[in-house]
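Two complexes come next, and they have one chain in common, chain A, joined by chain B in the first and chain C in the second.
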Partner chain A sequence: MKLTQTLLAGSALALLGSAAAAQDMANEMTIVSWGGAYQNSQLKAYVEPYMAANPGVTVTWDESSSQAVAKMRAQEEAGNITWDLVDVEAADAIRTCDEGLAMEVDWDDALAPAPDGTSPEDDFGDMLVSDCFVPQIVFSTTFGYRTDMVPEGVEPPTGACDVFDLETYPGKRALNKQPVANMEWALLCDGVAYEDVYDVLETDEGVEQAFAKLDSIKDQTIWWSASAEPPQLLADGEIFMGSAYNGRLFSAIVEQDQPIGMAWDWQMFDIDGWVIPEGLPEDRLARVMDFLFFATDTQRLADQAKYISYGPARASSAPLVSTHADLGIEMAPHMPTDPNNAENTFVNNYNWWADHRDDLDAKFQAWLAQ
Partner chain B sequence: MSHTTDTAGAGAGPMLAADGTPLKRSLNRALRRQKLRALMLIAPLLLFVLLTFIAPIADMLFRSVENQIVSDTLPETVETLSDWDHTTQAPPSETVYEALYFDMFVAAEAKEHTRLGGRLNYEMSGLSSLIRSSGRSLDDLGDDYLDALEAIDPAWGEGAFWFELMSGEGEAAEEVITARRRAVAQMTGDRLGGDTGFAPSAEIAALLPRTTRAYSDFAVFTALVDGDVVAEEDPWESVYVGLALDLQQADVSGYAGPGGDALRAAQADLDSLPLMPLSQFFDEEVDADWNDPEVWAVIQTYSPRYTTGYFLNAVDLQLTPDGVATRPERESIYIMLFKRTLFMSLTITLSCILLGYPVAWLLANLPSSKANLLMILVLLPFWTSLLVRTSAWKVMLQQQGVINDVLVWLGLVADNDRLVMINNQFGTIVAMTHILLPFMILPLYSVMQGIPPSYLRAAKSLGATNWTAFWRVYFPQSVPGIGAGSILVFILAIGYYITPEIVGGTTGTFISNRIAYHISSSLNWGLAAALGAILLAVVLLLYWAYDRIVGIDNVKLG
Partner chain C sequence: MALTIAKPTSAIFAAGVAAVFGAFFGIFVGTASGSALLGLLGGAVLIFALGWAAVAFLREQERPARWGILILFVAGGFLFAGVPGIVLGLIFGTFFGWLVYYVASGRYRTGMPPYSTPRQVLWHFAFRTIAGMILIFLITPILVVMPLSFNAEDFFTFTPEMLSFDPAGYSLKHYRDFFNTSDWQGALWNSVRIAPVATLLAVGFGTLAAIGLSQPHVPFRRAIMAILISPMIVPLIISAAGMYFFYSRIGLQGTYLGVVLAHAALGIPFVIITVTATLVGFDNSLTRAAANMGADPVTTFFRVQMPLILPGVISGGLFAFITSFDEVVVVLFVGSAGQKTLPWQMFIGLREQISPTILAVATILVAISIALLTTVELLRRRSERLRGMSPS
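Moving on, here comes the complex of A and B:
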């Protein structure tokens, strides 16, 4: 109740305009993100415009998103919240929300409606996977392959299942060193229907089946843990095909001109967005809510796609996606959400993974070590 | 002082200092003062180390046994569940479900139930979502009851009426509200000071115990957490559920306090409420898993405030209701990882000795101009970022890398059969040996510098061969350097995690990689602390063994 009040107050202030509300808002904000090209897209698309509109506000970046959950817990235990806004993946948003580390957000109160008046809750739709989560972008884990290493007379690979086909596409593979996505692909490519994947995976036989499928390529696979690895492995010619985040592949292909092709089929969608740490003082919270209202509106999310090939999380932003800011190429065909790329997509079941991750991770690590 | 020496010469009685106290005591006092002064000099450093190093480590390691969260979040459930016998394979009694309902309701209001779910999910997959979704369904029953109650008397929907009813008349049962405040404070970890502005009357507390409990929880929360006025807020749904339960048993016919008539009317018309036992509610309306004795067995097993569960997990065992059991082979990784960590750290230490010894010898014996240049070469990688050095090894060792290219060019290796030298144990050992080499060379060098070259010359002039002179004269004198270097390298190696993570692939990772995973990804800090504690114990044990075998006095860092 207190929470909603502060939220209401925060968004009301935001609506009143920054001039009137300035004295009630902190002028410093610490934003946590992933660094690199992604953070740059946030800087260009909404932080710089926000700072231009609100002179006097300073933003400090902390590139700690990969350890965000642990650090938020440490801050909460120490009773000293130094972060104001944290960029996390959906799974981490669920975890921080469950742990009481992130604050619940009333989307319809705190966020801007779409230009046509659609409420934020409807505009974001299925992307709102946790009560604490304000989504920004949809990215996908998909496959890239070396175009010059495709055997002659063979069609290039089109999707995730080709990674298991060592006969047609010999060569090393790279997969993420964790069960999420790999287990689903293994079952899907072993003939399990899309709707049944998680039901099957919940049984011991299903887990065995997934491991059996992965066993067929285990000795040909390099397991990566940092997202910069697979594009590098592809660029070095170390692997023929590997899973990677689509934005990383995009920059390897378009910005660095590497001979890499995309195999989109059964790409795994994931969402990235903001959470607000629980327990911020009122003036800082007011500033964050003001920024959040601005930074997640339809135009801002569409602007972000100028700098990186991740799809905006709002339905209303999609038609506004234009061209790359530096290269001038159309961004739409590079978006994971583009109809040509999204024929078969897999939506990560966060809640299922929240329950089964520890269990499957132990099994997966034991399997890897065998 | 000269005076005391004189009296000592006389040899009569204890020696006395100038002021007449015995010399021994006077000396002791002076020494103690000196020691105290020395201690005060290092006190800032000592305090600093204690506060910033020892205390956080101790605090972190303590988490490996902590388990208060279960009994803090579900205090009454844990208490009532203690009598339940899991071997009967039957779900617990209605009392336990009642306790669960009221405990869970407060936990859900405080948003602590999800945390509990996360904790219990470590022990049984699925409990996280079971508890999270249960937290959402608890309101339903109370809402249904409220609708029926309002049909009997609209006053039941008014916060003010409730406040008057519960406050009652006569003596107040302050102890109830104090107990509830303590329970809520324990759960949320806040102090919750201040006045709730509410206390149930003793009569009401005796007549309607469950309602009183639920209303007190609501009052504590409304006043102290949300900062609202209790009388102005509508009570929680759990209060209506409490009332329905109480009215099934209590005799309100003689109650004369405020709201007595409404109570009697509600009791008379109680059948209009969609009454159902809470066990049935949990089973049918919330989630059928609450009927599963295994769920209850896990809660019971993990209800003590301290647990060995994390330590057992860390050695591939698990705590079950029937005692300690081994983990299925499919999930056993930690013993294997500990063994691998020890084995690889030893291999790295040995390779560092083999590679570092000749370099240190050269450093100590070359003329200083050349030795200085060599020293810079040793230190140069030391000043380079760890990540850069590790990544450089990737470029060197990978299949399309420098070494493989050279081998293919020389014709030693076929182009389609390049060596796999990275993403395995070999890669980790090579990269870590390189990174840790300076820690071996520097102590060796400083010890070797202290060995006079004349000893070797003397040995040779007495007829020893080069080998005998080295092995019998030089080498034994350099052993303290080897000892110091080995301890440094081994202890650093055993806790390394960046390098194995980058070049180790699946077979070359260490236990520290799992610790990092549990700290930053799975948030299972208890297990991470247990793994860390075991690792620390192993290092201390090895250190002790080393002291017994080689002697720690033989270690020289310079």
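Moving on, here comes the complex of A and C:
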């Protein structure tokens, strides 16, 4: 009796809530993302259908995700929240959540269940790395190489460890100008077992070992900071191989016809998704929640994979991944999660990095400057 | 004019001078293909041999010999580098053919007084060469961008098709992208809305401030001047962060007005400096004379003072306009995504998507800047002519 009453009252409240929200939802939304092909895929898969269903809503894009944490801090301090929904990497979601800059989300309440009724929390599963985080995609940092610059009589590179092999594969390399991924690869390719990488990296000797390995290719390495750089360097023939986000390489290879091959081994998985800034006014929050419910359902996440080769974060979306929107090719073989590409993979340990990032950043910068 | 009679010089001398240039260009060719030293030596030896042979055997047949050198270079260029080599061969062939005979015939002497010493002659030409090289150094980065903006690919790369002048390697798609994308058009529209208003504000306030500060009886003139000019001296990022927090408190952050005010504040120092400079030569007895004839201060300002300081006002306004039009740091802080200006959009484009659309925009902006500066210069000459200040 009591339980039913509570339930009834609860659902009545929820109904009232949603009806009220429909009336006073803000009609403008500022969505923060990464720009480029990735933002375009979000526009096509989420925003355009949403705007078609809700005429009168306007969306402003801000391509500031790379400075999301700093800017959210500044907005919080200035008491002037101008962003409504922010696309960040998992590590940044953890940071903003810990600092109270992002709002906690009750997934089962705020998101759509899978078509078969699986709750969102189970559907996203391990991807839910932070209480504030609503995942969208799985992407990977992996390697691309110039197919026409492979030395004669040598097998083309297959993965991360080939970047350290200057004898077989001479030429310039490009690596991301940050410790994440590079330190792990250095240890892994120096013989440290996969399970031990983070334990070793926690010790000073481990850090030394990683830097020593990186030292062996330092004078042949170009350090990139913008994700558009490695495809540009590869297209230019300036480097032989380099680490890059797999979607960027996909677009250079398939959409731009560049002579680039993929070396998937030990690709580094990472998750990207939404966080909502803390402290939004009621009407704007209502609009964001409405959009989020729509944009993270099973079909929408699968649709995004038509435009870019990033894997949807929901388990229920994977079977719905179809063909490229313009080229009509199957997208599944280009996904980082495809079994052929995912023989050896590395899952970024966000929580470890959340604790050690500042320290290793400083050491890495000092090492770079040597 | 030609006081000095051209005296032919020895073949060794002419070939030697050419060889110096050959060595210089050889460095670049050599660096591109692996060894700078080899390029330097190769360039010097090759050009010396060629120049010496031309002058020693064909001194009198200048015209056919120069054609011969040109053909030799073009053929050599084609053999080594295909179609792009032809272009380089054309440039270098013309240059070296001219240089060798210019020196060999002694024509280089004709522009100088007959009594100038070899050292003076050397310095005369070294000076011109250095000045020319600095000009090339400054302008090449801008010129390189232009052909790349017609690239048919989505990368900043001179593709083989482009280098062989295959029409398939070129396209206008990046220009289409600029004119058809709402992002770029929105950014252009924002810049066009912000820069002129910021300029007007800067010119108005800056001119008034400069006139006020040029009055000797104003107290603390230097201190006030220093404060007003400080946006130019303080690192931009500090002004930007300060403005961000201040504007956030008073509700101006992320608004059109906020960005306009911020840009006006950045432009004011330029106007103050240029107007103050023109006011130095301004004769204050003119305003007293006007007042004596019954003109009130406002009339005096617009009828007497303003026309005389107008050049300073205009050039200050031009600087203020360019400051606002080029500015990316402050607008990133003070603006929100709704005030995305052209430089902001270019900055995003460079960071997130290295696309030649940026180069297309850059080319358009360069063309607009040239047109703008040319117009201002023509207007200035016209007004000088009308006022009889210039003899022509």
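The definition used in the following text is that the second predicted complex is superposed on the first by the 349 of 370 C-alpha atoms of A that agree within 3 Å, B and C clash if a C-alpha of one lies under 4 Å from a C-alpha of the other, contacts with A are read in each partner's own complex, and residues count from 1 in each chain.
The rule is short, and it goes like this: a residue touches a chain if its C-beta (ideal position, glycine included) is under 8 Å from a C-beta of that chain, and two chains touch if they have at least 3 such contacts.
It should be emphasised that the depicted structure is a prediction, and the values quoted were computed from it without experimental measurement.
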Superposition on chain A - do chain B and chain C clash or fit: clash
Chain B versus chain C as contact partner of A:A226, first or second or both or neither: both
Contacts of A:K44 with chain B and chain C, given as first, second, both or neither: neither
Touching partner for A:D361 - first (chain B), second (chain C), both, neither: first
Partner chain(s) touched by A:T82 [first = chain B, second = chain C, both, neither]: second
Contacts of A:A369 with chain B and chain C, given as first, second, both or neither: first
Partner chain in contact with A:E99 - chain B first, chain C second, else both or neither: first
Touching partner for A:T30 - first (chain B), second (chain C), both, neither: second
Touching partner for A:K177 - first (chain B), second (chain C), both, neither: first
Contacts of A:D236 with chain B and chain C, given as first, second, both or neither: both
Where chain C runs into chain B (options 5-13, 23-31 or 365-373): 23-31
Overlap of chain C and chain B interfaces on chain A (superposed complexes): 66, 226, 236
Touching residues on chain A, where the partner in the complex is chain C: 30, 32, 34-37, 39, 60-64, 66, 74, 77-80, 82, 226-229, 231-232, 235-236, 256, 258
Interface residues, chain C side, partner chain A - complex: 153-157, 183, 244-245, 248-249, 253-254, 336-338, 340, 348-354
Contact footprint of chain A on chain B as seen in their complex: 111-112, 114-115, 117-118, 121-122, 125-129, 132, 225-228, 329-333, 336-337, 398-401, 423, 501-502, 505-507, 514, 517, 519-525
Of all residues in chain A, those that touch chain B in their complex: 1-2, 66-67, 69-70, 73, 95, 97-100, 172, 177, 222-223, 225-226, 236-238, 351, 354-359, 361-363, 365-369
